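Each structure below is given as structure tokens.
Heads up, the next two complexes both have chain A, just with different partners, chain B and then chain C.
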Partner chain A sequence: MSEKIMPESEKITPIREKILANIRVQRYTPGKDKSPYFDNFKMEVETGMTILEVLRHIKNTQDSSLTFRAFCRSAICGSCAVKVNSDSVLACSTQLMPILKDFGKGSVTITPMSNMPIIRDLVVDIDPVIEKLAKMHPYLVENRERVPKALEQESLMSQKELEKFNVMTDCILCAACYSACSSVKTDSNYAGPLTIVKAYRYSADPRDNFSSMRIQAAMDQGLWSCVQCRKCIKVCPKDIRPADSIRNMRQISIEVGIHDTPGSRRARAYTDDVENFGQVNKPMLPVIVNGTKGWAAIEAAEAGLKKHGMEPTRQVCTLPGQKVTAKIYAKVREIEAKEKNQGENKV
Partner chain B sequence: MSEIQYDENKLHYAFYSGCCFQGADARFYDILTQVFAKVDVELHLFDEAVCCGAGVIEERSELTSLAINARNMAGAEKMGLPFYTPCSTCFNVISNVQKRLKESSKLFDQVNEILAEEGVEYKGECKITHTLWMLAQDVGLEKLRERITNPLNGLRVASYYGCHTRNPRDIQEYESSDNPTSLEDILKVLGVDIVDYDTRNDCCGYHLTWPNNDISLKMTGSVVEGAQRQDVDLMVTSCPLCFKSLDGVQSKAVAKMGKDFQLPVLFLPELVGLACGMTPKDMQLEWHNVPVNVRL
Partner chain C sequence: MLTYDVLIVGSGGAGLYAALESRMEEDVQVAVLTKVYPTRSHTGAAQGGVNAALANVDSTDSWEEHWFDTVKGSDYLADQDSAELLCREAPQVIREMEHWGCPFDRTKEGKIAQRPFGGASKTRACYAADKIGHVMLHTLYEQGLRHGVDYFNEWVTLSLLHNGQRCLGVNALDARTGKLHTIQAKAVILATGGYGRIYWNRTSNAYGNTGDGTAIAYRAGLPLKDMEFVQFHPTGLRRTGILMSEGARGEGAYLLNGWGERFMTRYAPEKMELGPRDLISRAIETEVRQGRGGPEDEVFLDLTHLGAKRIMERLPQIRQLCIDFEGVDPIEEPIPIKPTAHYSMGGIHTDINGLTSIEGIYAAGEAGCVSVHGANRLGGNSLLDILVFGRRAGVHALEYARKTDFLPMPKNVLKMAQSCINGLMEGDSKESLADIRRDMANLMADKAGIYRDETGLTEAVNKLEELKERYKKLRVQDKSKVFNTELVAGLELGNMLDLAEIVVKGALSRQESRGAHYREDFQYRDDDNWLKHTIATKGTDGKPVLSFKPVTITNFQPEARTY
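Showing the complex of A and B:
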């Protein structure tokens, strides 16, 4: 985004614009209304106004029955998340004017978050998410090796150890990621991004000794059901990058080696194939990932090729960069081994 | 800069083909080169390119992904050309690597230490682009309009970006990620009517094909059904992997929902080609799993 260079005097007080906007808000009281419906509120939106200020203004001046949840107004309590034009945001830290300009319609649609039951209007029930989170063992179970000998000592960790999970501790459980999640939408049993972020946060903590149980919990709740659509990264108001934590959790599960799943077999196949061929062995992937069950998919694909007069191959199709990967992989291994040793020796 | 002289009357790109444009999918490569020739774009294949790993390699080692994709970008830098990939996932993975290496000088140095093993340097200067912005911004809508000889007026089309050119917000700087318009801008030039549908922002599920086929098929079916409910003639997607899901496994996905319908799906360059006067045979539409029975 290019920022307009403002004269010094205008930087402190930006030009305040006003737009008469139509605010479409989804209303619904279960038990009373047959289905959700939309109310349209006209109001003057000013530069700098947040979604929460807009909702409060409507409640104070137009319809006191409009129901939404908010508390701290500082993007830290995580209670005010709603969807604005289909993306989940924190109402208190999101300004409306840039959104009105982006969509250029003079109108905005505010709906409750998805994937959770509606209690009333914009308020959803986050309890199902918290129940899934509780099953992830979201607490430290002491690693005896890291417990200091004297009571007055703290359990120290290196900067490098902290970096592995530091940003994830910023999660405020607003559930914006859960609302945006493609996989939760499709399979309500899937744990969702924020619960796996928490599972990773504790598993990556050197003071913890419970990661194998947590991996099992994450596996049972769909660790390999994340599609990596990256929507959770887009909506997270704390920039925690939940989808990256899911990748990290998958990495731990493969390293610990207690699980052999189609997902982990895919990860191994991609990594090893790129090293050996510069490319993934796509023709054989169904069997590599799903074992003998995969032959049906291969035979179907081959029949499809034959129909069009193309001779199928089970050979990997190499990219011309094949010869360069060996050196890269060797050097990466050397660096990773070095870092691992340093991490183990330095506290 | 490269010493090769490029034709000044054309736009030139270093073409990163990824896995969708070779082997059994080589027809896509032929289609792209033919269609782009119509709008004076020439693609130049890398001498050396490696699979981007589709983000899957990061489930084992992030450093490996950073290194191989820095290597890929260094290839475009050597050619002195913008890095073009038609695959949205390759775009997402490689742009993310570029961003990570820009943010962290430590990772930047570490990656260059790795690449130094084979005498390659990653400078971090290459521009990465995708079909959407190549056509909408580099070629430009005006030039595209000039080359249309078979306007597709009245065709009802559901446009579908897929996820990886849109998420996260800072993966691209070409347009708004919340309200992108490049695909619709291109389609409007071709003459079609854009039809809105409520599953247009949903994920097609391609990347769960192997780890969780059940969810993957449900996602695919849901996206196609959303478009089908609006009585569209066809869907158009700018992502080749979304195409593989939406066309490739559509019949399976629809059957799984207990429904019975079919909706033709086109990969964006195919529809551009047809509007530029190329025939369904040129575009090899007979390869589609869902027959494209619309008279184009």
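Showing the complex of A and C:
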């Protein structure tokens, strides 16, 4: 060992705590186990350990059959999403020590993501999600006004145009949002948050020329099924805010004039009614939203009211505030028109 | 039996570009076989940028200057004709990526933005925030979906089939079902990435960067090139090897040893923490070897003196990285780091079209070695390599597939693969996979890492022999067919042991220091004797046989590499 050359320096002693923890992991091998069950693994967890390191430690030293996915171990590949105490997270970027301390019990429960079939232990089948994604036309189709044919030129795009969709290109397809989604849970045909994020990402790209096809694809796969519970926003490890993309996608679907969906008809009816009556004309909504099929619902509701001695109506009264509301609408239209003009001048 | 005209093994940038290029006209059937879902490949981890002399920011840049930087960076071991192609074709592939929708950042004029990078004489690296690899990978995958490339995800390739002259196809394991398959193909492109994992936890690479394709090619009799060259990055996080970018040092971070000394005063008193990567890596290694490391042989990157405000403002992502992956808040304490194996310069020997010594078999990307990186890769040149040579391999394989027919597949080709799997699965043993793997990694980091010398390397040769014996006795404990990750790890370990042996033997034979290869007993570059590539082929006794091949020099005579 050589002499210390800088006498003023002080030895570094990193703070590294250790806790004996109980790691509870859901296990299941199809064909072998009738149903999922839990295994408890005891191990010493130290400062700095991620959920993924803990799983790997168990696999290396206690049970080599414990099955999970992981690849980059740096939160960029999207392989390792699991549920930790019921929250969908990336195992590789979730520190365990704070969780153990937070709950004070020295115990943690790890289960596979929801809304996807289990392949084995913590590994779920994401193929159904990828198939839904593939149907969204998740790629750029060249807008020839923007994208040159020759490789001697770049397409020109401003940083501002890029920023419209840049954050969505952060998506790592980890499916945590899909696992948390309320609508996927009740309707397995719903495409799920990440697929619409991707559809919107390309539809907002000025170099693209395919947004109407994508809107159609999104509508076919339940664009209006999302209930805006925002769970996807809460779990997304990349802060992409899928629910916002879904709203934006709905917005452009209305703008490009595809009014013929239950959701967009509902949205339009709401805005029109509030302007006309100062409130939503609820009695007629079933027909407006669902077309002639809606009459059955209206008639049933009317029959119910009559049974209770009430007289049904098909048009709500106009509320006193309606005049003010109408003024607000006029103002909004004026501002929108102005912005549109400015936008066009800029291009 | 599955049959494809062109089969690509690996779905990183190299594999996906090759797939797309060969499928562009949609007249031949193309499939990609990959161990993970395509967008999970290691290419996605690249953050910094990709080089191309577009001259969007510095109008005086030219591909010729890029060419010179590349050759100089390689410590003159790159073949200058290949490096020329790399730099000449760079602007085209980058623009093609852009036309496919890759979200590069933009200049004020709306063109692709560029940033300065170490080792480059001009501002040349095209970037997309800190996610260039990620967006390139996704763009390529998505265009592949558009053009009808078939993907076989979570399929592990086991062996390469050829008849001594021409390609036949591959054997692969469908990890989900545990079933073995032979896939027939006129052309196979190996794009399986690097072998940084031979250093296991001391690498910035993904878990699966175990050099499978390189090992498979070697076992199929194909020559490998320059395998002893592995680039280390000085600052990887202690626990995981995850990269801490140069950004922190740029902001004024100190490097401290376990005694709290700013040790760079001893090695680079002027540049201090901003010295070149290899010098810093060696400095850290020396501190640790001389007993001045931390409790776990780490050193520290100290930001605390910058203060909370500056750290939160200027280095928020780096701070988050430390909190998420190391459990350390750099505002409060120094970050523990170790040098980390970062890039594999060596790989399957190919020509400028990615073609190997067997007709119809190609290699591209980090798995291959054309060679454009020589003894040391320049930052931003590997993403470029995977595009330029992925594309060339794709184009060439397509032409080849169009003009050839399928060869009849001999019977029993699956047998070898089956017996290799059975060998790992049947029976019991006391050996543990994790133990052998850890011992291999420690050995490699100690004896064949940043510092190398004859004694250490000779010891490594012998120890690897022992590890291989232990590996032969290893049995996988998990007997399930469904998604058996232990089996896959067992197969990967076999590949890594084969490659480790070649790395060590190459390093032992090369009696000079060049680029990333540093011999304590031969500290200088020796152009008279060693301006040549190392070629390793599998001998009849199963051991690597080394030969050498001259470097192609067309334009730049070797000079001292100083920055």
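The criterion applied here is as follows: the second predicted complex is superposed on the first by the 244 of 347 C-alpha atoms of A that agree within 3 Å, B and C clash if a C-alpha of one lies under 4 Å from a C-alpha of the other, contacts with A are read in each partner's own complex, and residues count from 1 in each chain.
Please note the rule applied: a residue touches a chain if its C-beta (ideal position, glycine included) is under 8 Å from a C-beta of that chain, and two chains touch if they have at least 3 such contacts.
These figures come from a predicted structure and were not determined experimentally.
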{"item": "Touching partner for A:Arg214 - first (chain B), second (chain C), both, neither", "value": "neither"}
{"item": "Touched partner set for A:Thr271, first chain B, second chain C, both or neither", "value": "first"}
{"item": "Chain B versus chain C as contact partner of A:Pro138, first or second or both or neither", "value": "second"}
{"item": "Touched partner set for A:Phe103, first chain B, second chain C, both or neither", "value": "first"}
{"item": "Chain B versus chain C as contact partner of A:Arg27, first or second or both or neither", "value": "neither"}
{"item": "Which of chain B and chain C A:Val324 touches, first, second, both or neither", "value": "first"}
{"item": "First (chain B), second (chain C), both or neither touched by A:Arg230", "value": "first"}
{"item": "Doubly contacted residues of chain A, that is, touched by chain B and again by chain C", "value": "1"}
{"item": "Footprint of chain A on chain C - complex, ascending", "value": "36-37, 39-42, 44-45, 54, 91-92, 95-96, 98-101, 103, 105-106, 109-113, 128-129, 131, 134-135, 138-139, 142-143, 145-146, 176, 206-208, 238-240, 242, 256, 258-262, 265-266, 290-292, 294-295, 300, 323-328, 333-334, 336, 432-434, 476-478, 480, 482-486"}
{"item": "Residue numbers on chain A that touch chain C, as the complex places them", "value": "1-2, 4-6, 9-15, 29-32, 47-50, 53, 59-61, 64-65, 67-68, 70-79, 92-95, 97, 119-120, 123, 126, 130, 134, 137-142, 147-148, 151-159, 162, 165-166, 169-170, 172-173, 202, 205, 207-208"}
{"item": "Interface residues, chain A side, partner chain B - complex", "value": "1, 85-87, 99, 102-103, 182-183, 185-187, 190, 222, 224-225, 227-231, 233-234, 241, 244, 247, 250-251, 254, 261-264, 266-268, 270-271, 273-274, 278-280, 282-283, 285-286, 289-290, 301, 304-305, 308, 310, 312-313, 317, 319-325, 327-332, 335-336"}
{"item": "Chain A partner contacts - residues on chain B that touch it in the complex", "value": "17, 19, 22-24, 45-51, 53-61, 63-64, 67-68, 71-72, 75, 92, 110, 113-115, 117-118, 120, 163-164, 166-169, 171, 173, 176-179, 201-203, 205-208, 210-212, 214-216, 218-219, 222, 286-287, 289"}
